[in-house]
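Dropping the structures in below, format is C-alpha cells.
Below, chain A partners chain B and then partners chain C, in two separate complexes.
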Partner chain A sequence: MVALQLGGAPAATLGEVKNRADLVIFWGSNPAESHPRHFTRYSGSAKGRMNPRGRKDRYIVLVDIRPTPSVKYADEFIQIKPGHDYEVLTAMRMLTNGNRPDMDSVGDVAIQTLERLVQRCKDARLGVLFFGQGITETRGKHQNSMAIYQFGKDMSRHSKFLTLPMRGHYNVVGSGNTMCWQTGYPFAVNFGRGYPQFNPGEFSVVDLLKRKEPDAALIVAAEPMDHLPYEAARHLENIPTIVLDPRETLTTKMADVVIPVKHAGVSVEGTAYRMDHIPIKMRSVLNSPWPKDDEPLSTIIARIKAIRKEEAET
Partner chain B sequence: MGIRIVNGEVIDPAHGEDRVKRDVHIKDGKIVADAGQDATVIDATGCVVMAGGVDIHTHVAGPKVNFARLMRPEDHRYEHVSREDGYERSGTGGVAATTYTTGYRYCEMGYTTIVEPAVPPLGARHAHEELVDIPQVDKAIFTLLGNSEIIFQYLEKGETSKINEYISWIMDATKSYSVKIVNPGGANMWKYRADIHDIDQKLRDFDTTPRQIILAIADAMATLGLPHPLHLHCNNLGVPDSYKTAIATAEAMEGRPLHLTHLQFSSYGASGKRKFSSEAPRLARMVNDNKNITIDVGQVLFGKTTTITADGPFEYHLHKLTGSKWYNGDVECEDGCGVVPYDYKRKSFVNCIQWAAGLELFLLIDDPWRVYLTTDHPNGAPFITYPHLIRLLMDKDFRREQVEKISAEAAAEIPLKVLDREYTLYEIAIITRSGTARRLGLVNKGHLGVGGDADVAVYRASRNWEEMFAKPAWVIKDGQVVAKEGKVTRQVFGTTMYVHPARGFADIEKDLADFFESYYTVNINNYPVGLEYLPRPELIPCQVKA
Partner chain C sequence: MTAVKQDEGITVTEHVVCPFCATLCDDLVIHVQNNQVVKVRNGCNLARGVFENAHKEWATPRVNGKEVPYDSAVEEAARILAASNNPLIYGLAATDVDAQKKCIELADLIGANLDNASSV
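So, the complex of A and B:
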C-alpha cells in the first residue's frame, strides 16, 4: 500500500489477465495454496479473447525462495536466496533499462536466467507480475513492493506490463477503499485530533498497541489475536475490548464484550471488493438471528452522542 | 414551513430575468408562487439570487478518483475538515478531496448538483457507494462506453439495433444518467500499449473506427431519448494538433447533438517556435457555427493538481514527460484509466498556452448557453478555484494583471492578450447553472421558476467577484438553508439521478450471457447495480421522439 502511495503502478482488472496475458510471473506467491481458483479463473488455464487455448497460450514463471506446490503449474521455476528479492529485482530493472550488472549471479540466480526473463517480458503481448506475501511480508517489505512497481513501470516502456499484488483477507480491499474515500488514506488513520491523520509507522494498529497507547479497543471483523505480533496482541488482553464478529475466534475468546453479527455475504447482503478493486455484490443465503454489523455501531454512536449532550447540559 | 427570499435581485436566465427585484418563494422543496404567511424571511438586500450551481463535469467519485486519493497522501496533509469546525463528518482536502469534504465544498460555493462523468461500467457500483457519502448535492454518473468490446462486436456485424438495446441495458445496469466516450478506441488500443490517432483509424482487434463508434453511440442515445447527448473526450487529446481531431470529430457528427468536454485540452496547434500553440479561436469559430455543439472548457489554472482520466495512453505520455507517479488501471472488456500528479507552472510555456486557451474559448464563443464553466476537476485545477476563474472572466483588468505574470514568451503569442470581453453576472449564471442544467435535460434545475427544485444560492454583491462567489450568504438545498456565509450549517443528502430507457433487451440476452461467460471475470447476474445502492434515487424520464 505504501509502495503504491509512493510511486503508483501499472495495473488492470483480472479479466485483462484472462483475455490477453501471455506471460504470467508469480513472485513470492503460492497461488496453488493461497488462491486456488486464481489459476483457473484468471491466470493459468483460463481461456480468454487472445488466449483461446487457455494454459497453452501462457508462459508461467514462479519465483520463490523454495519450491512450493505451485511449481508444478509453472513452465519455469526460479529459486532465489531468501532475503534477496530486492537485489534480484534491481538487477532486472538494470537489464530492462539496457545495463548488464557486472556479476554472474545475484541472489543465487544466474544473470543469464534474468536476462532471458526480462527478454520474455519485453516480448510479451501482455506480461503480468503477481506478487505475494513472500515478498511483502519479509525483510524490506514496502521497498520490495516498490521495486516491483518500479520494474513494472520500467518494463512499460517496452511492452504492456502489469504488476498486481495477490491480496488475501476477505474484503481487505473494500475496507481500504472505504477508508480512502472517507479519509484520504487506506489504513493507519488517526482521528484523535478530530480529523484524519495518516502515519503508517506511528498510527498502525501494531505500532499503537506496541506503545500501549490504546486504553480500549473496538474490533470489527478482524482477528488481531491471530494476526498481530505477540507484543501487540498482548496489550489487547490488558485493555477493555469489544468485538463484532459472526464467528468464534481467538479474538472473541479474549474479548470483554462480544456482539455477534450477521456474516456479510452469508446472512446479510453487502459489497466486497475483489483484489483488483472490482466491487462484487454479496447475497444473503442463510438466515441469522443477529443484527447487521452496522446496527450495533450506529447504536453505540447514537448513545455516545446522547451522553455527550447530557454532559454538556449539566 | 416555507422560505421567502426578499429584497434580492434575481438572476434567472432561463426566464430572461436579469437582476429583477422580486421575491423568491419556497415550499416543500420547490419554488412556489406563494410560500404563505408563516414563511421564514431571508433578507437578501444587496444580494443576487440565483439557482444553485450545476457542474456538468467533475471527477469526484469512483475507482480512479479513489486511486488519486490513495496515491497522494501528501495531497491531504494540510487541508482538513474537522468535527470541531462544526462538520458532521471529518475529512481531508487537497485536490482529490474525500467524499464528505467534496460535498461540503461544493455547497459552500453555492453548487447543488454535480455530475461524475467517467465511470467504467464495472466501476459503477464503487462510484455509487462513494456518491452515498457525498452530502449536500444531487448527483449523477455518466458511463464510459467508447471502448466497449460488446459495442465493437456489434459494430463489426453492423447490428445497430442491438447497440440500442445494449446501451439501454447498461444505463439501467449502472444506474447511470448518460454516456461518455473517452478517446474512442484509444483505451482499447492501450491494452497493447498503442493509441489511436485518427478518427478513421482501424482498431487492432476489432474491425471498427472511432468515427463508427461515436456515430453508433450518438444515434443509439437519440433513439433511447437520453436527456443529455453524447459527452465526448476526443482522440489525440493534449497534444499539438489535437484541435484538428476535435474539428474532424465535430464534422463527423453531421448536425447530431454533441457535448465536447474540456475542449481546452483539445485546442492545441503545432505552430510557433515551440511547435505548441493555442488554436482556441478556430475551435470557438467551429462552436459558433455549429448550433448542435456545446462544450465545457476544462480550464487550466496554475498550481499543483492530480490528473485523472480514462485516457490511459495520455496519462502514460504525461508520466513520461514529468517522471512523476503513475497509476494505470485497464478495465476488462470496457475501458481504462490513468492517474498522474501534475504541476501547472507560470514559467512553463506550454502551461501558459493551456491557461490562455481555456480563457480564449470562454471569451470567443458567443453564445453562453453553449459553453460551460469547468476545470475538468481536478485535471485543469480543483473545483474550489471556480470563484477565481469567474473573476478572470468578469474582470479584464484582473485578467491583464495575470497575463503579465506568465511566461513572457507565451504572453507574446497568446490570442488572449487582445480580448477585452467581460462576462456579465447574467452570463456567469448561464455557464454555471442555467446552461448546464438545460444541456443535462434537468428541467427542474438551473432556474427559479415555479415548480423548480428549491436549490438556491444567494450571493452578496461585490466588485470582487472571486470573494462574492467563494462565500455565498445563503445556500438552500431542497428548500432548507444548508450553508450561510460560505459555511455548511446543515448536513443533507441529495438524490442520485438516473435514467431507465424503455427499450427492452430481449435480442441481446443470449449474446450478453455468452460474452460474459467468455470474456468477463464477473458473473452477469452480479453485474447490474440495483437501486439498493441509491438511497435517494431520482428517475429522470427519457424523451423518445415520436
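So, the complex of A and C:
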C-alpha cells in the first residue's frame, strides 16, 4: 500500500487480463493454493477475446524461493534465493533500461534467465506481474513491492505491462477503498485529534500493539490472535477486547466481549471489492439469528453518544 | 437471484459470491437443506470450507466468558469504548462495505486508531 503511494501503478481489471494478457508472471504467490480459481477464471486457462485457445495463448512464469504446487501450471519456474527479490528486480530494471549488470547471477538466478524474461515482457501484447505475500511479507516489505511497481513503470515504456497485487482477504481491497473514501487514507489512521491522521509505523496495528499503546480494542471481522505476530497480539490479552464475528475463533475465545453477527456473503447480502477494485454484490444463502454487523456498531455509536451526554450533564 | 426450490426441501441458489479470497468468484451454486449447505458447485476447496462449515461453531454473545443477552454484550462494548483513552479498531477485511463505514464513523466518534489487514 505504501509502495503504491510512492510509486503509483498501472491498473486493469481481471477481465483485461483474461482477454488480453499473453504473459503472466506470478512472483512470491502460490495461486494454486491461495487463489485456486484465479488461474482458470482469469490468468491461466481462461479463454478470452485475444486468447481464444486459453492456456496455449499464454506464457506463464512463476518466481518463488521454492517450488510450490503452482509450478506445474507454469511454463517456466525461476527459483530465487530467499530475501533477494529486491536485487533480482533491480537487475531486471537495469536490463529493461538497457544496462547489463556486471555479474553472472543475481539472487541465484543467471543473468541470461533474467534477460530472456525481460525480453518476453518487452515482446508481450499485455504482460501482467501478479505479486503475493512472498513480496509483501518478506524482509524489506514495501520496498519489495516498490521495486515491482518501478519495474512495471520501466517496462511500460516498452510494452503494455501491469503489476497487480494478489490480495488475500475477500474484502481487504474494500477496507482500503472505504477508508480512503471516508478518511482520505487507506489504513493506519488515527482520529485522536478529531481529524484523520495517517502514519504507518505509528498508527499501524502491529506497531501500536507492540508498543502496548491501545487501552481497549474492537476487532471487527478479523483474527488478530491467529494472524498478527504474537508479541503484538498478546497485548490484546491485557486490555478489554471486543470482537464482532460470526463464528468462534481464537480471538473470540480470548475476548472480553463477544458480539455475534451475520456472516457477510453467507447469511446476509453485502458489497465487497474484488482484488481488481470491482465492487461485487454478495448473496445470502443461510439464515442467522444475529443482526448484520453494522447494527450493533450503530447501537454502540448511539450508546456512546448517550453516555457522553450524561457525563456532560453531571 | 435465482433460487429454485427442489422436492426434498433443498434450496438451490445460483451466482453466489464466495467470501474467502479476493478473487471473489461469483458463479457458485449452493444447495441448502435445513439451513445447512449440503453441496457447493463450482467452488474451490477454500470455498467449500467456507460454506460447508458456515453453520458450525457460531459465536454466542458473551461478556468475560459468560453468555449474556445480546443487548448486554453491546452495552458492555459501548461502556468499554466510551471509557477508553486510546482505543484501537482493527479488522474490516472480512466484512462488507456498510460495516466498514460504521467502523469509520465509530473511530471518528471515539478518536480511535483504525487499521485494516493490508497493514499487516
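What we mean here is this: the second predicted complex is superposed on the first by the 314 of 314 C-alpha atoms of A that agree within 3 Å, B and C clash if a C-alpha of one lies under 4 Å from a C-alpha of the other, contacts with A are read in each partner's own complex, and residues count from 1 in each chain.
Just so it is clear, a residue touches a chain if its C-beta (ideal position, glycine included) is under 8 Å from a C-beta of that chain, and two chains touch if they have at least 3 such contacts.
Quantities reported herein were computed from a predicted structural model and do not represent experimental measurements.
Three-chain overlay on chain A, with chain B and chain C fitting side by side and no clash. Applying the stated contact rule after C-alpha superposition, one finds that A:11 touches chain B and leaves chain C untouched. By the touch criterion defined above, A:186 reaches both chain B and chain C.
Residue contacts after overlaying the shared chain place A:126 against chain B, while chain C stays out of touching range.
Shared-chain residue A:105: touches no atom of chain B or chain C.
When the shared chain is aligned, chain C comes close enough to touch A:242, but chain B does not.
One of chain B and chain C touches more residues of chain A, and that partner is C. When the shared chain is aligned, chain B comes close enough to touch A:20, but chain C does not. By the touch criterion defined above, A:79 lies against neither chain B nor chain C after alignment on the C-alpha atoms of chain A.
When the shared chain is aligned, chain B comes close enough to touch A:159, but chain C does not. Between chain B and chain C, an angle of 90 degrees opens at the CA centre of chain A in the superposed model, to the nearest 10. Within the superposed three-chain model, A:90 lies out of touch with both chain B and chain C [touch as defined at top].
Between chain B and chain C, the shortest distance over C-alpha atoms in the superposed arrangement works out to 6 Å.
The residues of chain A shared by its contacts with chain B and with chain C are 1, 14, 41-42, 176, 178, 182-183, 186, 191, 193-194, 196, 271, 273, 278-281. Residue ranges of chain C in contact with chain A, taken from their complex: 1, 11, 13, 15-26, 30, 32, 35-37, 44-46, 50-51, 54-64, 70, 73-120. Across the complex, chain B meets chain A through its residues 61, 63, 65-66, 69-73, 75-77, 80-84, 89-92, 94, 96-100, 122-123, 125-126, 129-130, 133, 149, 191-193, 205, 316, 319-320, 325-333, 336, 339-340, 518-522, 526, 530, 532. Against chain C, the residues of chain A that register as touching in their complex are 1, 14, 34-38, 41-42, 166-176, 178-179, 182-183, 186-194, 196, 200, 203-206, 208-209, 213-222, 224, 227-228, 240, 242-249, 252, 255-260, 263-268, 270-275, 278-283, 285-288, 290, 292-294, 296-301, 303-305, 307-308.
On chain A, the positions that touch chain B within their shared complex are 1, 4-16, 18-20, 41-42, 47-49, 125-126, 153, 156-157, 159-160, 162, 176-178, 180-186, 191, 193-196, 198, 269, 271, 273, 277-281.
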